[in-house]
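In what comes next, subunit A is part of two complexes: it sits with subunit B in the first one and with subunit C in the second one.
Moving on to the complex of A and B:
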């Protein structure tokens, strides 16, 4: 998912001694096999992750790790294990999360089962580094989204990020990691950009997988950057793992004129964020999700109402395995024209 | 010598061309079928327009819109290439500056544009499904053995339009066959179809949109009197259908090409240009991108479709 395979690989490679197979980047083939073995009406991330798992098995993986969340994501691990076993692969699937809950003891047992020689101290030590790494990555991403649309030299941001991630994957301590991060932060700030005083600002909200995996949203952020938008997005791994549980109450309060109860997954988060973006004077909001994502489907009419009340344009996209790219382009271009005219 | 500006709207079903003068008045216009070959259609279009145009007009701007806008833009060396939503809005506000809602139904897509003070406020476009668009109506006309041009007038004759499931073309078609077999009159079925197009449009494209008058109805389907009648009936508002309602996209893009004029004179003699495309599947990774290479006079000019950007 996005670039997060780098910290995931970093963490596992330091804890367990087993050989870790790096997943191939998602391609048309990944989603093709994923869709072939998935139920037709399951949400699209299920198909993507199943495709990735099968590609891993083809490369010789024997152990698969899956997690879960507060929506249908909670059933992914069991269902995918069943599908993979029916296909005749000899492997073990470990599920880190059940019904949206997990604890340190359970993860300890899983690590010990995968590799009895794994050191738990090492796991805690590298766990801390990985957490920091993810946070730094997300900080940099945040800065990139605001500025990448205005870079003077093409791909200067992406190339520098690739360089940074390579150095990240080699660090041995939090101190080293911080040094690398600060070095690159300066470098990022020094990349020449040509930003107008009041650029068009757009917020992206929606379902987490589609937001974070560029292949599944047809490179939406890159397209928006090429149209010279300043982009804001809330969902990232830092948010999901370390901030979400603290924010729920605040979000419910912030958007109390629209919602009273939790609606599963990130539905209330996105409603509150839509309101926040409206209040902060964003020019437009794009809501994206995979097809059949139930929590977001229930959030959509409420988000519509929020944007209506604040008179902020809103564009919905629902991505499936066979969405036409031309159609997306036409709608985005029209959205850009509209926002520019409203200015 | 007078300056002229050409707008071409290349849709899935029809190709429209309009030439405007410097006051944005229509000098010349043409409407032909695309027939699945936009390059050939545009060549025919420009050839015919050139022949019927007085020789003292020189073209100083070309704009393209519609689903083949990018390809044709390259072919005719356009100075403006824009999406059809913006083009339609610009074209319509030129004639009706105070329009609030544009209903547009074309060959494969349908859209609704909400405007305020001449600016786009909101828009919607049909997703996945082509239910309730021109191509659906023309295929049903064929099934019923009626010329699509007579479709609207026949619908007006009906006093009791039959109810036809409007949600989906496949259901609509089986419903229609059923109604025909049971013995309903042809004009009642046709009227029912026109009404189902209106209901489908309002339920899908118009969902959650504020429809305020003045309302302008355009696109190829706006030529269908039956659909127009049921829009009036269902919305209970007056609907404006311009005599050029099928050309609005082309007019809009011609206005834009005038606005962004770059001083370069352009030619309509594209009939002799060898403009070819070559499609192939890239085998370098498992993405299998469909790469389209474009040649002008056997010289490679551009390629599209590569996801990684390394292949052309």
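Moving on to the complex of A and C:
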């Protein structure tokens, strides 16, 4: 998912002694395979992840790890294992989170099952570094999103980020990690940008997989950056793993004039964020999700009501395996023109 | 003074808890208005209110609410989250109350079942009673009386369904949420078609027994309550029917995964029917006909 394979690989390679196969970046072929073996109207991330898993198997993987989550994600692993076994591969799929719940014990058992020689102390030590690493990455991403639309030299941000990730993957301790982070933070701040006084600001909300995997949203952020937007996005791994449980209550309170109960996955988060973005004076909101994402579908009528009340333009995107890139670009351009005219 | 009228939409939860609500509310002295069986008009109104990617069952629900607006003083829209960590419901059920509250301007009655946060069904019903201005004890008694009544009804229904199993006709087990199969728009035509073709349909929902549940044979990590209940009866009933009909609406979240898994694991003839608002009956009939033909041929051999 996005660049997060680097910390994931970092963590696993230090904990277990098995050989780890890095997933190939998602291509059209991944999706084709995934869609071919998936049920017809399952949400799109299922197809993407299934495609990725099968490509991993083709490279010789035996054990696959699926993260799982609150809504349908939690049930992916079992069905995907069945599909893969029906295809004739011999493998085991491990699911880290099910029914929206997980605990250390479960993860411990999984690690022990995969590699009985794994050391738990080591796991905790590297777990801490990985947590920090993800947080630093998300900080940098946040800064990038605000400024990448105004870079003078093309791709200067992306190139520097790649360099940083390479160094991140080699660190051995928290101290080293922090040093690398600070070094690159300064470098990022020194990248020349030409930012107007009041740039068009846009907030992206929506379903987590689609938001975090650039391929599945057809490089939406990059397209927006090329249109000189300042982008704000909330969902990232830091948020999902370390902040979500703290913030849920706050979100419910913030949006209490629209919602009373939790609605599953990130639905209420997105409603509250939509309201927050409206109040902060953002020029527009883009809501993206994969097709058939049930929690987001329930949230959509409420989000449109919020935006209606605050009079903020809102654009919905629903991505499936067959969405055309040109259509998305046209809609984005029209949205951009509309926002500029409103100014 | 006239009695206060409370509306109940005949969709989604109604098929699980409808009798319960009716007897609970009537016991407390309210008039209950239940929307009529689904018609084409209700569906069309529902589609207008709904987001176009919502599942057909939810669209029907909104259609029923649309019908009830103006015909009663308040509508009962419960929010049922889970019966414990591994007994969750579909996410549509979690958001139902908020969706309706945002789409329609009418007073809503609600109760919240969320056992992971210690909100049990009994507590929820007592709260509902107190919200209506009744005493705690009175609500409690009404709740227990309704539970008993509903249990009796369920047993009767189960017995009737079990009797069907001894019929000599071809038996088709229909695996579907009750709000699909028992709905007049979605399920009735299918039921009639099956009967016209000389077979018999067995409603898996009526057979569910809470203490007899063996979903583990098919799926180890299943955590949707309603699907779990359905899957749980399969091991007991599998050998006594000739074929299985999976019936789901487009695009049902849990069904899309669970039915796919079942189809891969169940070693007997099955048919997968997916219904949306545009489905014509002719296509459905052809598929059912050929499926039943296959079952007939299998037996001859």
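Side notes on the structure shown:
FYI, the second predicted complex is superposed on the first by the 343 of 343 C-alpha atoms of A that agree within 3 Å, B and C clash if a C-alpha of one lies under 4 Å from a C-alpha of the other, contacts with A are read in each partner's own complex, and residues count from 1 in each chain.
Here is the rule we use: a contact is a pair of C-beta atoms (placed from the backbone, for glycine too) under 8 Å apart; a residue touches a chain by one contact, two chains touch by 3 or more.
This one's a predicted model, so the numbers in the text were calculated from it and none came from an experiment.
After superposition onto subunit A, the modelled positions of subunit B and subunit C are compatible, with room for both.
After overlaying the two complexes on the shared chain, residue contacts for A:297 are found with subunit C alone; subunit B is out of touch. Subunit B and subunit C, viewed from the C-alpha centre of subunit A in the overlaid structures, lie at an angle of 80 degrees when rounded to the nearest 10.
Once chain A of one complex is fitted onto chain A of the other, the partner contacts of A:119 are absent, as it touches neither subunit B nor subunit C. Residue contacts after overlaying the shared chain place A:13 against neither subunit B nor subunit C. Contact with subunit C, but none with subunit B, is seen for A:263 once the two complexes are overlaid on the shared chain.
In the superposition on chain A, contact is made by A:29 with subunit B only, not with subunit C.
Looking at the superposed arrangement, the partner reaching more residues of subunit A, out of subunit B and subunit C, is C. In the overlay built on the shared chain, the residue A:342 is in contact with subunit B alone; subunit C does not reach it.
By the touch criterion defined above, A:39 lies against subunit C but remains apart from subunit B after alignment on the C-alpha atoms of chain A.
In the composite built from the two structures, the nearest CA pair linking subunit B and subunit C is 7 Å apart.
Comparing the two interfaces of subunit A, the one with subunit B and the one with subunit C have residues 301, 318 in common.
Across the complex, subunit B is touched by residues 24, 27-30, 301, 304, 313, 318, 326-327, 330-331, 333-334, 337-338, 341-342 of subunit A. Taken in their complex, subunit B has these residues touching subunit A: 67, 82-86, 119-123, 125, 127, 208, 285-289. Chain contact summary for the complex, subunit A toward subunit C: residues 39-43, 46, 71-72, 74-79, 82-83, 86, 95, 98-101, 258-265, 267, 291-292, 294-295, 297-302, 305, 318. Those residues of subunit C whose C-beta lies close enough to touch subunit A in the complex are 50-51, 53-55, 79, 81, 85-86, 88, 90-92, 94-99, 101-103, 110, 112, 219-224, 250-254, 256-261, 264-265, 274.
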